[in-house]
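The same subunit A turns up in both complexes below, where it pairs with subunit B and then with subunit C.
The block that comes next holds the complex of A and B.
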């Protein structure tokens, strides 16, 4: 479901409703399976340690999907034009990962109503392992 | 300067053909905890803007675009590889039954010195086109070596 969103109703500084994820080992393995990623880092703690990692990690793209979920919930699939993220730190199974977003820009270009949004994933230690930007196009109410 | 084969930059190569199965979209949604009816409920989605279920925006990241005909950058650096970042520009939705064709090219190779020492970044751009010849997604994947 999508909350109605029109250009007039969105202001710079508005925050999106946060989305909290706590990926379990099972969910990470399920994601890795759909992805076809058989590597140790997404499947097995002990094998991941042998790769020099702290143990199994959450795939960055899995949290990019969560950021997209937050954005398409607030706006819509049609509205989301671009999403870019940088992966800056490891995310571990059972971390509390909160997806957040804040509107940073609003402008009209070539007849399209653009919204820009900073997005990030924050863990319970206040670190931001994923940071990025989204570009959204939404209509006027009237 | 990092040593690699610069002639590879910008050279396009085919990186796969993918048939999109509805079940894969549903599995993806289950794994990430996505419950929007647009992606998971055929009946509800029929009444929506696309007339049926579509894939969530980042579904394309599942498509394994590593191909055997990928040109060799001959990058002589690093022992460990990580995903450094990902971007997607969305043009058309991905629907079950679509056949997507991917074309990739390396656009950039650069180095940075971080807290843990030198890192080398490789940027690979991939354009996904559907069976109607429509551009669906253009992605940029940043791979990091250290």
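The block that comes next holds the complex of A and C.
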């Protein structure tokens, strides 16, 4: 795991410190309320089943926010320039969802130090229901 | 020779990695693992004009082109795409007749391989008992890096029950997923025609990345 935050200290292949989340039904409902999502799938197991789902699910963008949290804790809010993700599978309440990242590119462009990371959310079964890519700009140490 | 048989670049609608990003990543992978090349298998498309030869030479990586297309029996990887196939089949059609596709690809010197067959709805396992004639299928993707353990188990079972050969591919859509599953061939391969020939021979096996560590094979 890398904890370096300066351009010359990070290397392609470095893994970011993971962030573990285990969203409860209450947290999911609270997130959906703030977000303005009134759909059954984020609020009620039985109603979600009527939609053909296995029950309530974790909003994809809730875990996208968790990925952003992992990245901005590791670097800074200003460092994160872009985060794009694909939602590929259901996440259920109380799943152990681990946000992970790995540095895949490192380059200087127009005077700025870019690093690119693959980021993903992995559940306890090794599945990756959220995968994506982040672009970060960090300074030189000196 | 170790090849990742199933890789998507940004030319696929749901992938983020460029071809060159994969090639730079291979430089990082090779510190610990063995990988000689890969096949770009874009969703529902095959770009005849795209030429990777300069990049392949620059990074000392074998690059082949294929396609992943969608049929009534799930998704299929096609190796050895010809002008004739592109004229005969609309690769954008997501309900292609799989039996016809497999036969025609073979007739034109290529091979069609069901991808991630253990996955629900888009894998061959769901259709194997449909009564259709699957006898033209010789090879399946037995190990897929995007599939769950259970889905890969179903694929291995399908191969065992039907005497099919199995390949491995990462199904990478992002750089770091490259090589999670690959295929180890016994003989060197230098062109797509040799790749197709080897696939029919059955002289290979699907492997996980961890099996390719230097000194581990």
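As a working rule, the second predicted complex is superposed on the first by the 138 of 142 C-alpha atoms of A that agree within 3 Å, B and C clash if a C-alpha of one lies under 4 Å from a C-alpha of the other, contacts with A are read in each partner's own complex, and residues count from 1 in each chain.
Just so it is clear, a contact is a pair of C-beta atoms (placed from the backbone, for glycine too) under 8 Å apart; a residue touches a chain by one contact, two chains touch by 3 or more.
All values derive from a computational prediction rather than experimental measurement.
J.: With both complexes superposed on chain A, which partner does A:51 reach: first (subunit B), second (subunit C), both or neither?
T.: After superposition on chain A, A:51 lies in contact with subunit B alone.
J.: A:127 contacts which: subunit B (first), subunit C (second), both, neither?
T.: second
J.: Looking at A:105 after the superposition, I want to know if it touches subunit B, subunit C, both of them or none. Which is it: first, second, both, neither?
T.: Only subunit C is touched by A:105; subunit B is not.
J.: Check whether A:84 is in contact with subunit B, with subunit C, with both or with neither, and answer first, second, both or neither.
T.: Both partners, subunit B and subunit C.
J.: Is A:93 contacted by the first partner subunit B, the second partner subunit C, both or neither?
T.: It touches nothing on subunit B or subunit C.
J.: Would you sort A:13 into first (subunit B), second (subunit C), both or neither based on which partner it touches?
T.: second
J.: By the touch definition at the top of the document, which applies to A:118: first (subunit B), second (subunit C), both, or neither?
T.: Once the two structures are laid over each other on A, A:118 reaches subunit C alone.
J.: What residues on subunit A does subunit C touch that subunit B touches too?
T.: Residues 84, 86, 132 of subunit A touch both subunit B and subunit C.
J.: Using the touch rule from the top, collect the residues of subunit B that touch subunit A in their complex.
T.: Interface residues on subunit B, with respect to subunit A: 24, 27-28, 30-34, 36-38, 49, 54, 56-58, 61-62, 64, 80, 82-90, 93, 140, 142.
J.: For a test of understanding, state which residues of subunit C touch subunit A in their complex under the given definition.
T.: Touching subunit A: residues 14, 16-17, 21, 24-25, 28, 31, 148-149, 173-177 of subunit C.
J.: Under the stated contact criterion, what part of subunit A meets subunit C in this complex?
T.: Touch residues, subunit A against subunit C: 12-13, 84, 86, 102, 104-105, 116, 118, 120, 125-127, 131-133.
J.: Show which residues of subunit A lie in contact with subunit B when the two form their complex.
T.: Touch list, subunit A to subunit B: 1-2, 21, 27, 30-31, 33-36, 51-52, 59-62, 64-66, 68-69, 72-73, 76-78, 80-87, 132.
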